[in-house]
Amino acid sequence: MTNENMNTAASTETQPSATADPTSEPLVEQSISVDNTSDRTTVDGETVIRSKDLDVFYGETQALQSVSLEIPENQVTAMIGPSGCGKSTFLRCINRMNDLIDVARIDGELTFDGKNVYDEDVDPVALRRRIGMVFQHPNPFPKSIYDNVAYGLRIQNRDVDMDAVVEESLKKAALWDEVKDRLDESALDLSGGQQQRLCIARAIAVDPQVVLMDEPASALDPIATSKIEDLIEDLAEEYTVVIVTHNMQQAARISDTTAVFLTGGELVEFDDTDKIFEDPESQRVEDYITGKFG
Amino acid sequence: MSTDTTADAITSRPAGREARERLYRYLLFACAATSIFVTVGIVFLLAKDAIDFFTLVSPVEFFTGTTWLLPRNEFGVLPLLTGTLLVTVIAAAIALPVGVAAAVYLSEYASERARSVLKPALEILAGIPTVVYGIFALVYVTPFLRFFGLPLNTFNVLSASVMVGIMIIPMISSLSEDAMSAVPDSLREAAYGVGATKYEVSTGVVIPAAVSGIFSSFILALSRAIGETMIVAVAMGSRSRLFDFANPLQNLWQGNQPMTAAMIQINSADNVSGPGFKSMFAIGLTLFVITFLMNLVSNRIAARYREEYN
Amino acid sequence: MATPEQGIDWAGDTGQVSRLRGVAFEVTCLAAVAFALVSVLVLLLYVSADALRPFSADPGWHLVFFLTLVVPSVSAALFYYRRDEPAGEVAYATTGLPVVGVLGAAVFAVVLDIELVTAVEMFALLVSALVAAGIIAAHARYRPRAAAERMAVLFGAPVVTILGVPPAEVTMALNAALSALGLSIEFGVRLLSLREVILLTPVVPLQWIMVALSLTVPVGAVLGGYVARVRANPRAGLAFVGGAVAVSALAPLVGPVVGIGATGWILLVTFCLLPVAVYVEGVIRRREGIAGLTFPLILVGGVVLGALLADLFGFAPPDPWLDWSFLTSAHSRTPAEAGFYPPIVGSVMMLIVIALSTFPVGVGAAIYLEEYAPDSGLAGKFITLVEINIGNLAGVPSVVYGLLGLALFIRVLTMPTGAVMVGGLAIGILILPIVIISAQEAIRAVPDSHREAAYGMGATRWQTTRSVVLPQAIPGILTGTILAVGRAIGETAPLLMIGAASSVRLAPSGFFDQLPAMPRQIFAWSTNLEPEIRHGVLAAGVVTLLVVLLIMNGTAILIRNKYQREV
């Protein structure tokens, strides 16, 4: 495996936009997927999120094709693949952020702790209070550091010791020592890496079960990135982390399980990270990982 | 965490929260719907009295009659229409070239600093009430033009129209400038790259590329001129006259009465009733339809150029 | 060997003609800008000269003020422009803020004067509103999860403390309905609200004390809280509140001496002194542009010194049309005695109606269109239609809105012809599309990533809107609204259509009284051919209107600049 190739593949990718630009590639490849795709959809560990034959359409374009996989509890699961492969779309299905896009249509089943989140009776607001999210670009509110972390507690009217939770969340996000003396200052005065850790603190302050991360380090410099990566590994002790990344080294470093999406929104392979990176079943995955394709 | 509690948690919809969300949604929707009510209200209420009017006065007489004289119950709208047209044409003759040239200066020539002063200054001009412009025309512009030997009456078309023109300049210049600023720099650079001068870039690249935006600002400004009421009510007198082709310049020196001013006059006259009073609604409806259509066209054109460059 | 004449054509020598053409074009464009600005500027100068009559003063008077006021302030302005830009902004703000404050104080003085609201009513309303807020806050604190109950408390508490059970209006309407039906039963039993109990109390302290309690104390407390927060020092906040109370307590001593009375002093403290104090505190704390603080001192010092010197040398000041008596007396047939007071009051009251009717509806509509409205499907098409419709309504002539006001409010709803309420509502409908469009722009400027962050935390749509979108959009919304309301104040045609009387001698004291309005009075004067009216009273009215507009637009632009810098 040559690292140079992987780097090029990762860095030349363009960032998928927030509205998840649908695949620009024609969908001709779908027929060949059956043969060389690993049919494995589970890995060891208790399943928290299970998707079964999940299809997503943006208007006429299909963004995900019949995706089935099971995300294990308290582990880091990485979603990798080229731009527009549907990895971010899948992430946004989990906490129903796609609901905010009018034209999105979802078929199939996606269960969280055994409950299909697309059932009629599920309240996306309540769901998102259980499944936190961290975005590609740090997006703290233009409020104080304290108010950012306390935001979720306030909107949920949590009857807790606010100061204690804020402190604990900032500690878990490895930010406490840097900001403890200036909690009243604007969050926008922090550096990019600090802002992203603040966003992580904000997400875990409400104590979710799952934390979704959409390329959380792609807008950051290498040092800030490595801090975020360390943090993610620590978080996995308490939370189930699902992370989308186009940086394969990052996926290899921090994840326990990896899902590889390729163009057309199909899940090509899903397995233990070591297995994916050392001995992938699918030739296409191997090509992608070694930089021949993507 | 067991399956049951998660399922309970994510399906829990506190009744109060749901009710509150729904309440706010409905309240906000009601706010947005008021705009529809306003339009429907204008059309319905104006049409109701306008129809009453047309049962008293035949539409043929209204649209083809050449005299507008309330005391004699003569309701020919043509003099009012030509009055409106006259004002609009003169105002356009002043405002269109000046407005576009000002927009070119602001968008292509002015330094950042000059722009930061000139744009707010023009914005403030746009905020001056039109009754004040009317007083300018009556009290200062007419004597000024007379000083140069123009045989102007106290109330005359020329100074009122000039003032309408000056009033709509800021509108044209600011909207046209927006259109010109939306032209991507790459187009300018391409022209400079083949040795074009700034003049050639402005006239040969920027203006053609922004032409739909400029055009849309024209239509909007003209609709503004057509609907302008106070300048003409203050400075143009209250006698309607059909356009006199035999003596074209004479039309400018005399007073005249466009549609808007006629509405004001009808309403402020004390004992106008019957068809006279109702005719106001017929004129109002005509005015509403004309300006509404012009705005519609202008907004469509503007939307198209925004799509092109954004 | 190439000489410049032969060879180097790329250096531009052959381009004489095209260069000339380029220069001519640039000059033409510049001339167009100059024409647009200068033509109106000259007219403004003329009308100001008519209103202020500067040439009625001794030349010596001009010289004195030129030396004491113009030279120092212009050199200060030049210095700021060249050397110290933040100071220029501070100078602008510290000069403008007191003016806006005085204007606000004047509005309140007028409100008290025409007894639209009395000091006691204000006090009673404030106390009962505070109690209601306290109940709501306490409920939120102790029963944070009872959302349904909170809705009840939210609406119930104000009813109990402010309106009474049932509200007096409901009882009145009920009794009226009963007597209309020929029944002689009267519902007299109702639970008085806290507000009504306070109003029934026979002991009423002096007016200035009531005003101080109901205005200065809350304003001082809010600003003091702000100071305490930004300084991270509760004592600074307490000192601020203490200072505010102390300065207010001087009212019975200072007020009469200055000539504005105790209540006038209190209003001035509340609207002018306290905000300026907070602004100055901020400038000093940030240490940015402190030099600008000297500018208002230069102005005030120049005026005082100039007046003293002119008095000393016996130079006669000008005798302007626009003077104190013009602003405080009613219209009269004698030009020298004609005044503008009722129209000013009428315009202010109309402004209250306009602001209260358009701001909530306009902002609500903008929120719906930007945050709630679906953008696909049949509903999405409907919303597109609504948006196109709003855009078109913004361009419909104002005279048509006047006609709508006449038809709807006077003929259908039978409100009195030419009433303040009718004028305000008709013009309110006129500026509604403008308010909606500018509020939409402000809301759209809030980055989507902030909305996503809030939704991702499990915020509901309303929570996202209230806690994330609105706080960031509010400066832009305010700017747009102030500009729109500024336009509303100058609108004349709708007033004529709803039959506003040409000259009203009494300032209105209720919202259904006859509306005198500034532009309406100006129009009435413009039909008068007397030169003293045309070049005197009329000009004074125009300048008053323009000054009010200039202050409003200046405030709006100040808010916008501050906001743009922060984003």
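The first chain written gets the first letter, and so on, giving A, B and C; residue counts start at 1 in each chain.
In the analysis below, a contact is a pair of C-beta atoms (placed from the backbone, for glycine too) under 8 Å apart; a residue touches a chain by one contact, two chains touch by 3 or more.
Source: prediction; values computed, not measured.
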If you average the CA coordinates per chain, which chain's centre is most distant from that of chain A? B
Using only alpha carbons, which chain's centroid is the nearest to the whole structure's centroid? C
Centroid of chain A to centroid of chain C, CA atoms only: how many Å? 48
When the C-alpha atoms of chain B and chain C are each averaged to a single point, how far apart are the two points in Å? 26
Measuring from the mean C-alpha position of chain A to the mean C-alpha position of chain B, what distance in angstrom results? 51
Among chain C residues, those touching two or more other chains are 145, 460
When you check chain A against every other chain, which residues touch at least two of them? 126-127, 129-130
Which positions in chain B are in touch with at least two other chains? none
Okay, in this complex, where on chain C does chain B touch? 15, 18-19, 21-22, 25-26, 28-33, 35-37, 39-40, 43, 46-47, 145-151, 360-365, 367-369, 372-373, 383, 386, 388-401, 403-404, 406-408, 412, 429, 432-433, 436, 460-462, 483, 486-487, 489-493, 496-497, 499, 519, 522-523, 526, 534-535, 538-539, 542, 545-546, 549-550, 553, 557
Using the touch definition from the top, list the residues of chain A that touch chain C in their complex. 18, 95, 97, 100, 102-103, 125-130, 132-133, 135, 137, 139-143, 151-152, 154-157, 159, 184, 199, 202-203, 206
Chain A contact footprint on chain B (complex, rising order): 1-3, 6-7, 9-13
Touching residues of chain B toward chain C in the complex: what are they? 14-17, 19-21, 23-25, 27-36, 38-39, 41-42, 45-46, 48-49, 97-102, 104-106, 108-110, 118, 120-125, 127-132, 134-136, 138-141, 166, 169-170, 173, 197-200, 202-203, 220, 223-224, 226-230, 233-234, 260, 263-264, 267-268, 280-281, 284, 287-288, 291-292, 294-296, 298-299
Which stretch or stretches of chain C touch chain A in the complex? 144-145, 229, 232, 374-377, 380, 447-450, 452-460, 463, 467-468, 471-472
